[in-house]
Structures are given as structure tokens and as C-alpha cells.
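The letters A, B, C and D name the chains in turn, as written, and every chain counts its residues from 1.
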Amino acid sequence: MELHVKRDHSSSSHQYPNRARMLISCPDGPGIVAAVSHFLHQHGANIVQSDQYTMDPDGGMFFMRVEFDLPKLGERLEELRTQFSTVAEKFKMDWQIFQVSHKKRLAIFVSKEDHCLVELLWQWQAGDLDAEIALVVSNHTDMQSYVESFGIPFHHIPVTAETKAAAEQRQLEVIGGDIDVIILARYMQIISPSFIEHFRHKIINIHHSFLPAFVGGKPYAQAYQRGVKIIGATAHYVTEELDGGPIIEQDVQRVSHSDDVNELKRIGRTIERVVLARAVKWHIEDRILVHNNKTVVFN
Amino acid sequence: MELHVKRDHSSSSHQYPNRARMLISCPDGPGIVAAVSHFLHQHGANIVQSDQYTMDPDGGMFFMRVEFDLPKLGERLEELRTQFSTVAEKFKMDWQIFQVSHKKRLAIFVSKEDHCLVELLWQWQAGDLDAEIALVVSNHTDMQSYVESFGIPFHHIPVTAETKAAAEQRQLEVIGGDIDVIILARYMQIISPSFIEHFRHKIINIHHSFLPAFVGGKPYAQAYQRGVKIIGATAHYVTEELDGGPIIEQDVQRVSHSDDVNELKRIGRTIERVVLARAVKWHIEDRILVHNNKTVVFN
Amino acid sequence: MELHVKRDHSSSSHQYPNRARMLISCPDGPGIVAAVSHFLHQHGANIVQSDQYTMDPDGGMFFMRVEFDLPKLGERLEELRTQFSTVAEKFKMDWQIFQVSHKKRLAIFVSKEDHCLVELLWQWQAGDLDAEIALVVSNHTDMQSYVESFGIPFHHIPVTAETKAAAEQRQLEVIGGDIDVIILARYMQIISPSFIEHFRHKIINIHHSFLPAFVGGKPYAQAYQRGVKIIGATAHYVTEELDGGPIIEQDVQRVSHSDDVNELKRIGRTIERVVLARAVKWHIEDRILVHNNKTVVFN
Amino acid sequence: MELHVKRDHSSSSHQYPNRARMLISCPDGPGIVAAVSHFLHQHGANIVQSDQYTMDPDGGMFFMRVEFDLPKLGERLEELRTQFSTVAEKFKMDWQIFQVSHKKRLAIFVSKEDHCLVELLWQWQAGDLDAEIALVVSNHTDMQSYVESFGIPFHHIPVTAETKAAAEQRQLEVIGGDIDVIILARYMQIISPSFIEHFRHKIINIHHSFLPAFVGGKPYAQAYQRGVKIIGATAHYVTEELDGGPIIEQDVQRVSHSDDVNELKRIGRTIERVVLARAVKWHIEDRILVHNNKTVVFN
């Protein structure tokens, strides 16, 4: 049963069959932009949008995102990649070329809190998230019927301290080999280093943030007691350091002394869902490059 | 020489010779608002604005700010205070009554960075800070001629590790007995507990804030390396815990990967001056009550 | 069939069976707060929260919102209202007393765009909108199955130029006599003056807003062509002047030259749903007073 | 007498003697980026930062900003310009190359309100505005001693309906031929079309903005009466259409019913000075391209 009919909308992936995006990171040096744009021009591509950023002109890192149209992209992409590798080698580039019409495949992990999942599904259904939601994984069954009402496969994989390794193995199986990004939509389990290694800079997490940060449990209670005037949320790539990975997006909202702990949590939920959805959108649109523990977001 | 002529403006302290503000904190219980408003009505006062907040209805704390007009306030204020003490005793109130036409006297402490001082002087000159700037104290002479051009006394009191106690003694002397609030406008010296004790909840400090917070030195460099998307500032009352006092106000601004450390600092300065000026304004207008380590701000 | 099970949460309406809210507007004068708080104290009520605002101290209007607890409120409410009318008459008050445990009943009007409706239903389901959604009315059937999946009655009432009067008559019938507020969640029909008269300051609308405003059709296209840097949305009570009623809430988001018309619309939708939901929440919590064409919002 | 000593700071104009910025607008087409970057590479330039934007891929306009380093830029700039004109002609480019070390020369026009002027002078003095303030022009003398205390020439040129043409003639004389941008920092006179023609897209104005916009006089009074929840300011290039030129920057602040007209004006002033300073900074850094009535801001 699928209550929610995805409406017919013109998303970018449908509109632009011949569009591609190229992401490049490399040590800075003269001639990089010239080499890339010359290469693309030579192959008949038209650059639609291009962003560059150099972290430090002398001996720093260079980052580039190019969006281009190439007639018959589908047929010519492999050849293009092969030929570009010569350019890439010369400049010691880390690089990728993405076909815009090839939708990214998402896996969403969720526990019991639904606000982030609901937002992602709504944006997806509204055509604002140009991706395919391949499956939802949860250590609880609370969201099962809701997820399935969208026609999306739901996998219940319980996790306990004892079964953690087996549970992650099971997660890898249901995810399969063809997932572009995993979204922890309030998934309340710590991910093991070996799982993270499988999906380096491909797991996005969301968590609450405060000025100042509060260590220890019950951060909202602490924020209330300290009378903070602003609360926020941070979306980041998951690394081995808990909540310490590269920040993708942050946002905040003003609060006052009269907001009690429950109201702070309610506001926090609203920020979390907006911030996570933005981070996912930027990942899907190939707008994010990671260097060391920092993102470069071209948006 | 006074280059800067304070313009003739109608500030609230001039406009309302008969206006007073009352601040009350006490354990919550039935009949407080009734008792206060009955008392004021009985004495011929008209309540112009009134704010209350109860931290927790059962056994919590009650906070109240009342702004009222009383004919011939100047003559009758002492009597009013004497008579109110009976009401106050009954409810175990901490309370104060301020005459709006009595301008608060400010002492500003500054080191070398001028952005917060300049903002305060500009707002004061523009008539937006309804107070008297009694003096400026600095451990450097950089700002001397600028401050004196406003006709404001400037006291240069150097501070070293050895002379700290003597320097604070000297500060107390130049401040004298009639200062309502001390503003640390980027004053880069730690205040001793005994000095703080003299001015409990009367010293306002400003410092940068980040999500997440960064411990250790060079926070802007750390923020840059982590790629934060939002930076902010916090104004708070100074307590013995460094940067841990009750928060008065916070604000933030969005930044991006392309803002280098200097640009982050520049943006940080702009937020700091705005946030500090707001905190000072609220203190001057008797809008802040402190309970434990939290402020209640009626604005 | 009800897929969406409303979770068991402790909303304020359940938590506080003895809590009431009083809203008062009257010409300002001495003794109002004293009279109200004395009355409440005399009847055994404990004031939990109280806000006042005087538009202009001399001859202006006075507004007050009091939240109080009264033992056995349910049994005593009618008597309280009767007795308060004496106080009210003396001060020429417009006033109302609401029982918090009596949930407001909402009617939502929608056309084809679903973002505002989805947000309201999600917040309602999450327990963040403490009200009863009595019915949804639409001039289209697009949202029917979605609305009914929540167990909420859906009424399809088509509207054409010819059938408008009959359609509004039909709307009044399905709404019945027991609706507290009507929410136009992107309902793309103009409401007739006679319908508005039935629900004075009880119909909330949402629409896009820009700096500067653009007259004529296609405002997003105009905003794009003019290169605005900020777009927003306004929630307001519906009056006879189109989009000219008292403003309840507004918010904005930053945009740039690179956001095309579709992206501006997408961002606009996100602002609209947030702003409308806040306005509805404040209405439900009896936080809004209207005077002339202006709201006083105690939040 | 110069009270205000401009501190020794490392601004970008000092730091980068060999840096240049190129701005390009032209009809979109294949090979533009390739041609520009190839040209620069060929001449030994290293691209530090590059931004492009295409308004509409099919038959639309293309905009580009390139920041590059070229050894011995000072000696080679004229030759570079000459040689680039061949590239430019081929793509029908409007283009300019700016030497970063060549500071832009500003003329500031002011009337009686000082907040925008004070902000610009403060940011300039703090080293945050990397330009030369060549002169200040005013139709009043209020700001004369303040401006002269910075060592900046001040020209008092009164304007009446009768003397307007002569006054503008006098303004042109004192400005001379070497001014890069004129800033109307609350200059309350309408600029004539012929004066605007002299400085096409080189005059920046600031004015208040509201959602919705209010026509007629006393906009702050109207905003208060309508109870707006957000007020803002817009910086734009001056065109013949009053306040209708290309928008450079906008920002807003939240207000409430309790902010009276004076408070709204005070908040408005704070937004105006921040927004104007940002617009000036972006102009100085060659970040703004204008097409039709819209800006493309690369920041």
C-alpha cells in the first residue's frame, strides 16, 4: 500500500540528462583551472557553473567544483573519465565525475525519534530531495508502517551491546554495494570504526549544539539551567571521533528564559530537521569537499 | 577639548521624571502579584508595564519587573521603599526600586582592542545608551586621547602579575562608591574574586562563542580548521568561574569555509560589539534578574 | 484506516486540568492590574504567568494576558466568569477566559499545495500543536487520502466564481458551530466579507513576503529579477483588506543571485510552513490580542 | 589635528602587490572559462579564486570574477589589458581588471544623521575597509569637525530646490575625476539623472525596508501601526528610479509590538549601518556585477 504518491515534478536529475559535476581537490599550483577548463572545452563540454577555492595561495590546497553539459554524456562518460586521468595525474588530483541524472541512493538510519526522518521523507516526496531513498534501517519498529506507506523498504535490525558486531554485519548486507550516502536521522547507536571505514565521508549525522557546549548528559537541561539565549544543531560527516567529524552545516534559533526544557527540545528538533535536510541536499548535489577535518561547501 | 557633542535627545530618563522600576525575586506562592499591584495602586502609582515569570509553578522561583508612574516620585521614593518592605518581608522578596530619571553610572574597562568601547561610546553619544559614562579604565594608553575627546575621564592603570592586587586597589579608588555597573569591553585581565565580590552581578563581560566550543588557545584558528559555519559572542555577568557566569545575551553570524582566520576575527568583533551593547542596555534599563547561574531577561 | 498513531505525550492541556488563561484589552488607567490580580487572589487562583503591555501610557490601550491555576477550575469557571464581569465593566474591558484543558478545535482549508498542511499535521502528530484538528476542507481532492490517513474528516467543496456563495454556505455547514480557528494553509480562494464576519480574528492566512514588496502577478519571478537577498513569509488574521490584516508572525531567509525562481519558491515554502505553524501555536495558546490592525503577541 | 591614528594593519591591498581581480559579463557560450583561464595561465598568472555564474544556460548571461597573482603585476598590467581585449572581443565581454594594491577612492555624502558615516569611518580606521576615503560632502555642517578629526577633507555644499543644479556642479568639482564610488550615507537629497549618469553603478544608497513595504511618509510609524515583526534595510546602486536600483545587500532584525516608533527607528539605524558597510566592502573588493536591474554578488 502506497498512500503517498510521489508527484510528477521536474527535478534537476530529469531535466538535465547531459549534465555532470566534477569535484577536484589537489595541491595548489599554477594552471589548474586552465587545464581543467581547456580539457572540458576540448571535449565539447559547456561549463554551467564553476567554483574554486584555495585554502592558502602558497603551498595550500585547491578545491574545485565544475558543473558542465556534454552532449551524449551517458555514452561518453567513461571515455571522459579515462582521458581526464592524465590531467588529474599531472596535478595530483583527488577527483570524481558525477552524472546528474544518476540519482544518489540513500540509506536512512533511525531509532525512535521521527522528526528528521519525517522531514527527509516529506522533502523527498515534495521533489526537493533529488535522490532515491533505497531503504530505512532501524533498531526499533516504531517507524515501520510509516516508512512502508511510502513504498520504501524498512529493515528492523535490533542492536544490543552483545549483538552490535552482528547487527552492523546485517546492516552492511541490507545496504548492499550500491549506496551513496547513509543518513543517521537520530540513530542513537555509536557506529564502529570498521563500519565508518566502509563509508568514509559518506555517513551524515545530526546533533544538537549549544554556545557554550555542554559536556555530560542532559545537555538541554544544562542549557536551560545556564539560561542560554541560542540553541542550534550541527550536521557533520561521521568519523572515529564522536561528534568530531567535518561540519557540513549548522543553524541556530533564539530562545529565552521562559522556554522550559521541553520547549528547548521542541525547538531543537525543528533546527535539527532543517539542518540535516540541508546537509543531505548539498551532499546529493555534490557540493561538499572534505579536507582534513574541514568541509568546503560550494553553495 | 570635546569634539563629540552629545546631541540633545529625548531619552527615557528625561522624559519620565515620575517613573520607577521595581525588580522582585522570591519563592513562588499565591497572592504575590495581587499584593504588589494592590500596594502600588494604593499609593497612587499607575503600572505602565509589568512582566512576571515563574520558573516552576510548584515550589519554584517567582520573578517580576514592574514599571510604574507615581506623581512626585522624587519626594516619595524613600517612603515608598520603607512601606514596601512590609510586603517584601511577607513574601521573602529580594527587591529593588530604581528611579528611571536617576541615570546609571558606568565604568568601562578596556585594553587595546577598541571595537566594543567605540560601539558603546557611539551608542551613548547617539542617545541610545541612557546612562552616564563616569570613567574609562585601561591597562594601556592606546585609547586615552579617543576617550578624552568625549570629555570622559580616562585612568591608565597598568597591570602585571606582580602589581595585580595593587592595580585592583587603584581601580577601586578611581571607581569610587557610586558606580552601578562595570563593563569589560575587551579588558584582557582576569578579575580577582575579591573584586568580583564588590560588584556581584554588576560586571558585564563579552567573549567569543562557537558551536562547538573550543578549549585551549587560538579559538578562531581552531574554528577555521574545523570549518564551523556559525560564530558568535556571549555577554555574561562575571563570576569566579571564568566565562561561566550567567548569560545575558548571545548572537551569531553565518560564516563559510572561505572566511580565513582574520575574517572570522573581524566578524567576531562585529558580533561582540552588538551583543555587549544590548546586554549593557538591558542592564541599564533594569531588565535583568539573576537566579543561581541564570538570567531572566524581561525585554 | 489510521496509519498515524498520535503518540501518548504529556501536552499542557493534559497536564494542567486547573489552568486557565485570561485575555484583557481595555483603555489604560490606574488600578487595572491591581483589580485583576486582587480578584484572582480573592478567588483562590495562583497566577503562573502574567504579561501586560500599554500601547501609550497616556490615554492608550492596555493589554493583559494572565495564566493562572484555580482548584476545581472545571466546576467553578462559569461562576468565575459571572463574577469577573463586574470588574470588567468598571474598566470597560474586552475579555475572555479560556480553560487550558479545553482543546481548541481547528479547521484547515487547503487547495493543492501541501507544505503547510503537512507541517501542521506533523506538528500535531508530534504533540507540538496542542489542539484538535476537527476537519480539513479543500476545493480539490489531492490531499484527501493523506488527510484521512490521520483519521481526520476531509470535505471536498469545489469553488467556482458561480458557486462561491453556495460553497461558502456548505463550508459553514461542515464547520458547524464549534470551531475556534480556521487556518488557510495555502487555500487559494478569496474569502467573502460575510464569511470573514463570522470568524473575526479567527482566520489565519499565510503568504509570501519580500523586501521590497512586489505588486502584480508572479512575485517570485519579480524577486528573482530584482535580485532580492532576503525572502520571507507573513502569517496574519484575515480581514476584508486582501493580505492587509493584523500581522501575527513573519520570518525570512537569506537567498542569493544563484537561487533561481524554483529555488526561491522552494525556500519560500519552507518559511511559510514554519511561520504559519508558529502563528497557529500562539493562537491556540491564547497569546494574541488584536487592536485596530495590530497584534500584541505575548510570547 | 588628527585624533584618530589609523593603525598599522596588514590589509589585503598591502599584502598582495601582485594580485589582480577580473570581472567579466558576457552572453553565455562554450569555452569562456577555458579561454580566460588559458589566457591567464599563458601569461604566468596563478588563479587564486574564481567564481562563475550563468543566469540561464541556454542563451543567458555569463558572469565571472577571477582573482589572480601575476609576478611584476604593476609593470605588466597595461600589456595584459591590451592582450586580453582580443579574448574579450571574441566573447563580446564587458570586462575590467583591477589591481588589488590600488586602493579604491571613496566619496561619502551625508546629511545630518550620522550612524552610517560613523560606521564607515570606524571600519575604515579599524582596517576593515580597505580603501581611501577621499572626501566627505554634506549639505549640512553637523559632521564637519568629526570628519576633519580623521584628517579627511569635508566639503559643505548646501542644497535647496533653487540651487540644486549648481550644488551638483560643485559636488562634481570637489569629487574630481578620480573617485571610484560615491556612498550616500543617509544623504537626504534626490540625485539628478545627469549626476547618476556620471557614476553609473558607482553610487551606493541605503534605505529602510519592511515586509510589507509601506508607501507614503512616516514608514516607521506605519510599520508600528501594522505591527510588523521584522524590519530591515536595503543597500542598492542608485538609478533613475527612486530606491529601485539593483539590490546589493539586505538584512533584517526581529521586532515586537512593544518596540515603539523610536525603538523601531533605533533598530533600523543599526541595520542600515551594517548593511551599508557590507555593500561598500563588496564593491571595494570588486565582488559585484550588475546586469539589467540585478546584482550578482560573489562573496
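Rule of thumb we're sticking to: contacts are C-beta pairs under 8 Å (C-beta built on N, C-alpha and C of every residue); 3 or more make two chains touch, one makes a residue touch a chain.
Being a predicted model, the structure only gives us computed values, none of them experimental.
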Quiz item: Rounded to the nearest 5 degrees, what angle rotates subunit A onto subunit D on CA?
Solution: 180
Quiz item: Hey, how far is the Cα centre of subunit B from the one of subunit D, in Å?
Solution: 36
Quiz item: Between subunit A and subunit B, what's the gap in Å when you average each chain's C-alpha atoms?
Solution: 42
Practice problem: Give the residues of subunit D that touch two or more other chains, as numbers and ranges in rising order. | Solution: 49, 53, 258
Quiz item: If each chain is a dot and touching chains are joined, what shape do you get: line, ring, star, complete or other?
Solution: complete
Quiz item: Which residues, counting only subunit A, touch subunit B once they are in their complex?
Solution: 53, 209-213, 224-230, 232, 234, 243, 246-247, 249-252, 256-258, 292-297
Exercise. Please give the residue numbers of subunit D that touch subunit A in the complex, ascending.
Key: 28-38, 40-42, 44-54, 57, 69, 254
Quiz item: In the complex formed with subunit C, which residues of subunit A make contact?
Solution: 3-4, 49, 114-115, 118, 122, 126, 128, 145-146, 149, 258, 266, 269-270, 274
